[in-house]
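Have a look at this one.
Each chain gets a letter, A, B, C and D, in the order it is written, and its residues are counted from 1.
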Amino acid sequence: MLNVGIVGATGYAGEELIGILLKHPQVRITDLSAKIDQAKPIAEIFPKYNNRIDLICNKPELGKIIARSDLVFLALPHTVAMGIVPSLLKAGKRVIDLSADYRLKDIKIYEKFYQSKHKDKANLGKAVYGLPELYRQKIKSAQLIANPGCYPTCAVLALAPLVAFDLVDTGSIIIDAKSGVTGAGRKLNEELLFSEVNEDFKAYKVNVHQHMPEINQELSKLAGKKVNLIFIPHLLPLKRGMLETIYIKRNQKTKSKTEKISSLYKKFYQQEPFVRIKENGLFPQVKDVAGTNFCDIGVKEFDENIIIITAIDNLLKGASGQAVQNMNIMCKFGETTALL
Amino acid sequence: MLNVGIVGATGYAGEELIGILLKHPQVRITDLSAKIDQAKPIAEIFPKYNNRIDLICNKPELGKIIARSDLVFLALPHTVAMGIVPSLLKAGKRVIDLSADYRLKDIKIYEKFYQSKHKDKANLGKAVYGLPELYRQKIKSAQLIANPGCYPTCAVLALAPLVAFDLVDTGSIIIDAKSGVTGAGRKLNEELLFSEVNEDFKAYKVNVHQHMPEINQELSKLAGKKVNLIFIPHLLPLKRGMLETIYIKRNQKTKSKTEKISSLYKKFYQQEPFVRIKENGLFPQVKDVAGTNFCDIGVKEFDENIIIITAIDNLLKGASGQAVQNMNIMCKFGETTALL
Amino acid sequence: MLNVGIVGATGYAGEELIGILLKHPQVRITDLSAKIDQAKPIAEIFPKYNNRIDLICNKPELGKIIARSDLVFLALPHTVAMGIVPSLLKAGKRVIDLSADYRLKDIKIYEKFYQSKHKDKANLGKAVYGLPELYRQKIKSAQLIANPGCYPTCAVLALAPLVAFDLVDTGSIIIDAKSGVTGAGRKLNEELLFSEVNEDFKAYKVNVHQHMPEINQELSKLAGKKVNLIFIPHLLPLKRGMLETIYIKRNQKTKSKTEKISSLYKKFYQQEPFVRIKENGLFPQVKDVAGTNFCDIGVKEFDENIIIITAIDNLLKGASGQAVQNMNIMCKFGETTALL
Amino acid sequence: MLNVGIVGATGYAGEELIGILLKHPQVRITDLSAKIDQAKPIAEIFPKYNNRIDLICNKPELGKIIARSDLVFLALPHTVAMGIVPSLLKAGKRVIDLSADYRLKDIKIYEKFYQSKHKDKANLGKAVYGLPELYRQKIKSAQLIANPGCYPTCAVLALAPLVAFDLVDTGSIIIDAKSGVTGAGRKLNEELLFSEVNEDFKAYKVNVHQHMPEINQELSKLAGKKVNLIFIPHLLPLKRGMLETIYIKRNQKTKSKTEKISSLYKKFYQQEPFVRIKENGLFPQVKDVAGTNFCDIGVKEFDENIIIITAIDNLLKGASGQAVQNMNIMCKFGETTALL
């Protein structure tokens, strides 16, 4: 049995992690902590876990976390995780960080988009970007995982086959992204109140969202050249789920027909347990993936344009589900354990 | 033209007041204020009022409010309104207070339910409870209106005919109330986040809600004896609207049949522009009244039990609509002006 | 491995059954059928089950269902199930019927509330009412389970302790019930359209709902005398989940204090894996149970009144979850298998 | 007083028309009809109009409609309106058709996208496309108005300034459109059920929606050359409101900076009572326009790309509000009467 700690257990990602791990036969949750006023049973904070877990959720104490856990999930706000990662690594713990702190390899970009100094350059190089479909081998032996953001997971999986095989004009990518409200976290922000969100819809952080450089970084690696896309996120009046509609132009090289492109996707992802390609001409919708760890992708050509629509559950494949998938890979558990 | 000020212009009630008053041909909004970081155009705070109103929303300054307004609406949190009312009255202004500060005639009950000392006993006696269907005559000449709470408006209108004519056992009243989320105000409270409220439903303040004594006070006046009812409010995953399902037992006196009870209601409210009684056997639903100043009531008997279902828009007949109705009565405008 | 068939696989209950059974290690889904235009893969009907199940959903053919299944779930509309049950029983199959056809022991009441002749009186006596908390022993050896309705599951579990021990006035019970929209099934009914339901709330079938006699039947058995309660269901603008607020008066016998009543509940249900009693003074809300097979109950006294609030997921403990719990009991599987 | 009839009074557009016209001081609703089982008071169909209008809603009878109305609104399904328009025109009535029947000037395109023969070519030429911002002069003297579709209203107003002044590459236009559910009408379609739509989001009719040729037609007229854009509509889990995010590339001619483009928009629409341009860098959201007849537009440049976000209420500026605006223009009423 693997002893697992969760730091930041009271946010949406932490709440999901508990639910998934309770179903995992090879894992025991041994430590829960969060920035709370006073320690209390986690089942009091989340009554849905009543009768299912007895642990107390404490304020984070590094010593206890280290003493109790073999592997630690950090479900903390950006900039907080990197304050604790060095100690955990030094103590020999494996760490899966759900924040953005170790995702961006270029510190200048991190500091621009997260408006904060990076405090742990030493470990940045060690961190493996935890997208199993692209980095499974590295994940196996990683000590520190930078678990991808929700928008980037959705976008990179959607674009990887086309970009990797150089079939599209990488200067033409437009991502019109739509996310459910849990994507913003359990934050006290007037714009996230039910009375503000229900029956509303809006774009936000238009082409300046902090996930944009993360997508650019991953696509640039795949393309072997700098990619700069347009990225406009929108806030959907729903709790969980995310859908991206992606517009892209074919490049000269591709003469392929629709069938071939969706076939290409199927081949690219044929070994993947959590990526599903829609049959030609069909597109996924949020409810196909909500509550699951799947990423569903539909792709179709219109003359020189390719339209890709892709959907994930932002809290699962976009956060906690993917984190557990990474843990499964790191620990040689079945990759889908507790995720189906 | 009546010059009108709104203090607390940025809450849900203030926002609604602006919208209603912009349609009112005999009124000019001349002052807007609220507890904000810095003065800014109200149309910047509420872009929906762009091109419709040019006023700046300021921090409240008593001198300016008095200089600019003939009548002042106070859409403030409870306990704040009574800090400003005495000065406004002294300056000869008419005041419609949407808070609870002048609703409860028994100061001990106010202090118990609002957990705060009452600071203006002097004016408490002057305040007229602004439920036009019961107190229209007094409202005409009032200088200070205590605008009723949303739950009480809904409950008192639903029960007044039966209680006034002594047809029911006043010891048997149970109110199962359900309100939309705007009823809680534009407050930063984790429980009001979209991600917490959507797809959820719950009871809250079970039998201890601060509107319960207000309902008891008004029904006791009608009954000529002390009424103590059971009142359980619930939070609906919708923005605006309120519905109460009321259970009550007939007393010995009433041998009346269903038809007669709904007829009684029709007679009781026949002159009322904003109360509509459903035909026998039918009940109102939230969408019948959302966006309107109506209170719809359906009543039906089942043996010794009477079921009443009543619905209002909590922001209109339950707050700002009723406030304007009171203003119309006080100022001898047409009572329905700007409200239909 | 138990071979299981689902008739009515395309409704909400059928959809849930598939999802639960896919997680069940001792069960294999071997037949899926529904009233559809033409046979097609179930994963085409429910893309969320893509890559998880390969079966074709056919039009129901009794011969195939019998040939392929050891146990059959019927997730059919009322009055349709009883047309197929006799043949299934004759073929020696075990049957769990999620419809109302075998729930009401009094045929006259069935025919009144479902407005249809009962066609299988012969098997009505054999059917065991599938509420494990009350009838576990009988369920073990049953061949035909009448799986309870959602409102009755919620109401009977909430009231059983008080009624069984004769602590309340059974003539005083009022149930103010609120259900999510899936409770109405996947039906083409204008009143169930998103544009009609969102931002609305209403009572329906006021005191004439077909689940009322089912609740009365079960409580009467427990009480040893005829119970007739008031039951008013309401439609919540949410997909899944149900909450009942129950008002009841103590009888002369009970001098017990609050603590004692909630203790009584804890004792009554202490062996039950799916009933959770809230600590004194707290009440459950829909999100505590949504997506789970739990029934959460909170109870509190106010003088002579007892308030009970209880919540379930209408599609799980109120339908498919409970059906699988019944299957687990019948087949000697772990009772919570696939349900936690 | 203008006598007005509404054919198709029971759909969402009809329901809105009634509400608007009840506030119009120069109009009297004199005839209401719809495809219903039997005539009944409109206030029975829409209880929210109780006490506000006494008319019976009948099955449509041409004779009565003609006898009672000076002007007729047709809020009918596509292909039905053109069966009745010729008779109304012949009788000298003015007609505002909210369907698509007279919008597309190219009959082949109509027949392809609406999959139905066009039955009234004779009057097609007479019909004026009722977008006041572009065709106000023609509307003044029109007898037949083809009231624009919701998506086209939103798209054409958003793009008109850029296209008219030839500042963009008209081959590059991508419209990512999102609409509330009322846009689909009050139709019995499983995909429109609350339990299917809530917590879901999806694209539909990807690049084949019938509003696409309408947008192309209008933009082609403005551009003086054929425009073919990409148009992907999505279904939002909200009732009313629509937002389009538009991606477009500048052409060689434009060297203009951001400020200039939004200034250009302000100039283009400066006389328009219902178009509001956001200040530079800001974008509109659905709640800014829901319940209003406004079209709000925000525009911003990112290098060679221009992003436009625009929002309307699909039932008002996208249907019934615009229809009344057209009536006001045709009848020389104040253009904003009953619309503010």
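Points worth noting:
The rule is short, and it goes like this: a contact is a pair of C-beta atoms (placed from the backbone, for glycine too) under 8 Å apart; a residue touches a chain by one contact, two chains touch by 3 or more.
Everything numeric here is computed off the predicted structure, so don't read it as measured data.
The chains touching chain A as well as chain C are B, D. Of all chains, B has its CA centroid at the greatest distance from the CA centroid of chain A. At the interface between chain B and chain C, over half of the residue numbers involved are used by both copies, so each side presents largely the same positions. For the pair chain B and chain D, the distance between C-alpha centroids works out to 37 Å. Chain centres here are Cα means. That of chain B falls 40 Å from that of chain C. Between the Cα centres of chain C and chain D there is a gap of 46 Å. Listed for chain A are residues 180, 196, 198-199, 237-239, 284-285, 287, 290, each touching two or more other chains.
Listing the residues of chain C that touch chain A in their complex gives 22-23, 47-48, 50-52, 198-199, 276, 278, 284-285, 287-292, 294, 296, 340. Chain contact summary for the complex, chain B toward chain A: residues 12, 180-182, 186, 188-190, 192-199, 237-239. Residue ranges of chain D in contact with chain A, taken from their complex: 174, 176, 178, 180, 196, 198-203, 206-207, 230, 232, 234, 236-241, 243, 245, 247, 283-287, 290, 300, 302, 305, 307, 309.
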